[in-house]
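Paired with chain B in one complex and with chain C in the other, chain A is shared by the two complexes that follow.
The block that comes next holds the complex of A and B.
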């Protein structure tokens, strides 16, 4: 396992006390795996991604461990994290389109990066950089330009190049395709695949609210709801046989190309996610869930129901348990 | 019949960058928006789709061409005429969070309408009107009235803005990317609301870059590229049988849940500088940035930006869009550019 996150909790300090935005989250990524992390706004998906790279002053890790390549990351110690950023873990920030400072040329930003990480053989890295630019169809002269001279898609790609220049083991890509046109979206999505295939990054966590794009590029998908993981499985299982009612509703609310309102009426999910300031006890999707029953007032455990398919839902685990029980009885008979 | 008619509308923007020059944002765009019809206007960034919305709302003056509503040119409206126009034609925009003033309660948008259009209405009639409008957008008054914008979800905010438009005798709604910032779970509610309003006779211009959303709600579709219409017609014809290369390229890039993109994996990492394997990527950049190319062409033809600005008739030539031809009934395709 190249990346392993165990029982991670992250809180925001606020005047009304700590708000736990990421609550006891555990998952693991294999080498070369691209995991999609999806959820509604406010579900804590960006907080989770950021916490693995940089905890800002408002955030604090309240528990859990993160291991990358067998080494534990000191995520709570921002100074100790510094040499590990860009080399072990790296982030393509949300709004990467505006993440590039407008007063410096792209090439200068790249050399600054190498200097601050005390890279010995800068020339070799710069050669590699030019090779990568060429690979994704950007001309070398972008290095001589300011960020505002580039289109949104070009800026996005430059940011990804920069974040992966020192070949990190884990790349967090936060909403990298969100503000882009479909055609540019596809180019950026394929760029992530390409970089993984060529080993520029070992594993990728890509954070988005767009399940359709994850269906294209992710090997597995984790669904987050109100600070907790609701379901995690292979992309195929999430898209075709989701078990958590929230995942099912999310999939059902997506219009597909070719579907018209006079043929199929799509349905949304009524209600809103609960406030994380004082979250309700038990399953947090309970209020909006069409299948909720009395057991849902207890917090459902995040259990593996099938190999590689983990769900936090009483209904799903009870049904599977019952099915397994029946199968066991039949075998006994 | 209150048809909004767009006739040969062009718009040139003066660029503010160092390069200067003029950017043609719209090139002789013509279409009708009849009552009870949803038209999706689809295009990438820089295609001019938002500019069309702004021209229809008279927020932007077209360089040439006319927009008529009920047979009257909207450019000729006086201030009072314009206010009457807004009684019938309203817009809702992409970012609900910046459509509200965060200092005031969200329902202040209703009070502003009351002050401008219904100064003499009684308090009872007014709250009945608000309740009817909120009911039409499926909002519970207790959930939204008296709340601040940050207390509402993005979907609630967008629906509140649509309710605000419904307070007036709105006949045409310009919906510019109104659901692209919403979560999947709430965006469907707003989409279904548009369908419901359309059935009640509202004309809607649904501006989007998301083809699957456009396809879901609209009767007719216009594909815009570099400010010119490249394909236009009945939605099922455009999506079922796209003719223009650009439309096909857009459709092939749409991420779908149950269908993977066709991708040719690259082999081993070449030792020397690799040939551009993701040629599509570079191609796409040229596409999205073709407006710049057009601009450069303009300068090449007329030498310097000043010449472009002064030579109005010459600009008119450069603004010429590709010719639209009828491919089948209710399906027009432009010649390749």
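The block that comes next holds the complex of A and C.
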């Protein structure tokens, strides 16, 4: 396990008290795994991603540990995190397109970075950088350009190159494909795959609300709802046999190929996600869940009910628990 | 810096670099205000360097010829004590530039340090620094100078320059703070934080370059206003003791009623030269503004 997040909670300070945007989240990533983190707006996915790299002044980690390559990250200590950013964990922010300063040339920006991290052999890194630029189809002369001389897609790719220049173990790509046209989305997705395959990054978390792009590039998907993980399984399992009612509704709300939507209306999920200022007790999807029953007033545990398939839902764990009970016992023997 | 990049990249300089560099030079040389202002200023600086060497007498040497009209021996005449006005003028210009530079540099250093700190940190520290800034703005610097000066045995040029710097920095601090405030929430600054740069690096490499032209102009303005302030302090007799300056010359001329007796060579040269020094700076400043700001450029 190259990355392991245990019981991580992150809260935003607000005048009405702390708002827990990421609540007791645990997951692990194997070396070379690309995990998609999906969920609707406000579900805490970006907060989770940011918390692993940079907690800004409004945020605070209220519990949990993050381990990368067997080493615990001091995520609450922004000063201690400084040398680890971009070398151990790196984030491509949501605003990757405007993340380059207008007054510094790209090449200078890269050397600034090497100086900040006190990289000894700058020449070797710059040679490698040129190789990578070539790899993703950018010409070397972008290094002599200012960011405003590049197109949006080029800037996005330069930002990704910059974030991965120092070969971080974990790369968090926050909405890197949104705001791009479909073909560029695909190119960026493939770039992430390529970088993983070549070992520039060990594992990747891509945060998005676009399940289609995840189906193409992710090995596994975690679904987040109202600050908690609802379900985590392989991409195949999430797409074809989701267990959590929220995931099921999410998948069902996607348009299907070949269906004409002038006859069939796309269905969404009725209701709205709960406010995180005073979240309801028990399962947070309860209000909107068609299968809710008495037990749902208690918080469902996030349990592995099949190998590699973890769900936080009483219905799913009760049903599968009964069916898989026998199998589980046999395995235990 | 950029040479470091191209060294590392091990490649010949592309035309792009040259083009960007010469952009300012191109527009600068075509800007009449800048060429005129800077040209005049350079001439005056040159005079400040060479002028005193050409003087036949020291600035406070008694030549014996009192109130001599300008002419062959005494280029700009002599004052009522028989001191050479040319020599005083040449040394005075040098003095003015020295005080101006000292004032501008100390105001810029203090103002930028506090401005960047307040803007970057925000919160309580910003409140405190803002309060200090507002207090300094409200302090009557003339009264302060009289009070401090009364405790000193002698006032030096260094003291005057630093005093001017320490009373004019709030304007720099305020503007730098405001700019830093707006820049620090920009995405590229967030990205710099994400990439593990230290705050000082972010301020120097990511924030400051975005206001470089402003900072440059502000230093020039401070330079001019410091010279004027110094001249007015000197004129009031609050300037450095035992040195000759333009303000002091005008002070002496007034005290000896040079205006009344029409001894024009005594007070016109220092006044005219001081006006030229500051005006040239301001004209160059307007020109520079046009060069830096693409919206003001006339093709």
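Worth pointing out:
Simple rule for what comes next: the second predicted complex is superposed on the first by the 318 of 333 C-alpha atoms of A that agree within 3 Å, B and C clash if a C-alpha of one lies under 4 Å from a C-alpha of the other, contacts with A are read in each partner's own complex, and residues count from 1 in each chain.
Basically, contacts are C-beta pairs under 8 Å (C-beta built on N, C-alpha and C of every residue); 3 or more make two chains touch, one makes a residue touch a chain.
It should be emphasised that the depicted structure is a prediction, and the values quoted were computed from it without experimental measurement.
If you put the two complexes together on chain A, you find that chain B and chain C both fit without a clash. Of the two partner chains, chain C is the only one touched by A:123; chain B is not. When the two structures are aligned on the shared chain, A:304 is found in touch with neither chain B nor chain C.
When the shared chain is aligned, chain C comes close enough to touch A:143, but chain B does not.
When the two structures are aligned on the shared chain, A:77 is found in touch with neither chain B nor chain C.
Shared-chain residue A:319: touches no atom of chain B or chain C.
Across the overlaid pair of complexes, the angle with its corner at the CA centre of chain A and arms to chain B and chain C is 80°, in steps of 10. In the superposition on chain A, A:31 makes contact with neither chain B nor chain C. Looking at the shared chain after the overlay, A:131 reaches chain B, while chain C stays out of its contact range. Counting the residues of chain A that each partner touches, chain B and chain C differ, and the larger count belongs to B. The superposed arrangement places chain B and chain C with a least CA-CA distance of 10 Å. Judged by the document's definition of touching, chain A residues 130 lie at the interface with chain B and also at the interface with chain C. Those residues of chain B lying in contact with chain A across their complex are 17, 44-45, 153-155, 183-189, 191-192, 195, 209-213, 215-217, 235-236, 239-240, 249-251, 253-258, 260-261, 263, 265-266, 269, 273-285, 287-289. On the chain C side of its complex with chain A, the touching residues are 1-2, 4-6, 8-11, 14, 16-17, 186-198, 201, 205-206, 209-210, 212. Residue ranges of chain A in contact with chain C, taken from their complex: 53-54, 56, 81-87, 90-91, 93, 95, 98-105, 107-108, 111-113, 115-117, 122-123, 126, 130, 140-141, 143-145, 159, 162-163. Listing the residues of chain A that touch chain B in their complex gives 40-41, 130-131, 134-138, 149, 151-154, 157, 181-187, 189-191, 193-194, 197-199, 209-213, 215-216, 239-240, 249-251, 253-261, 265-269, 272.
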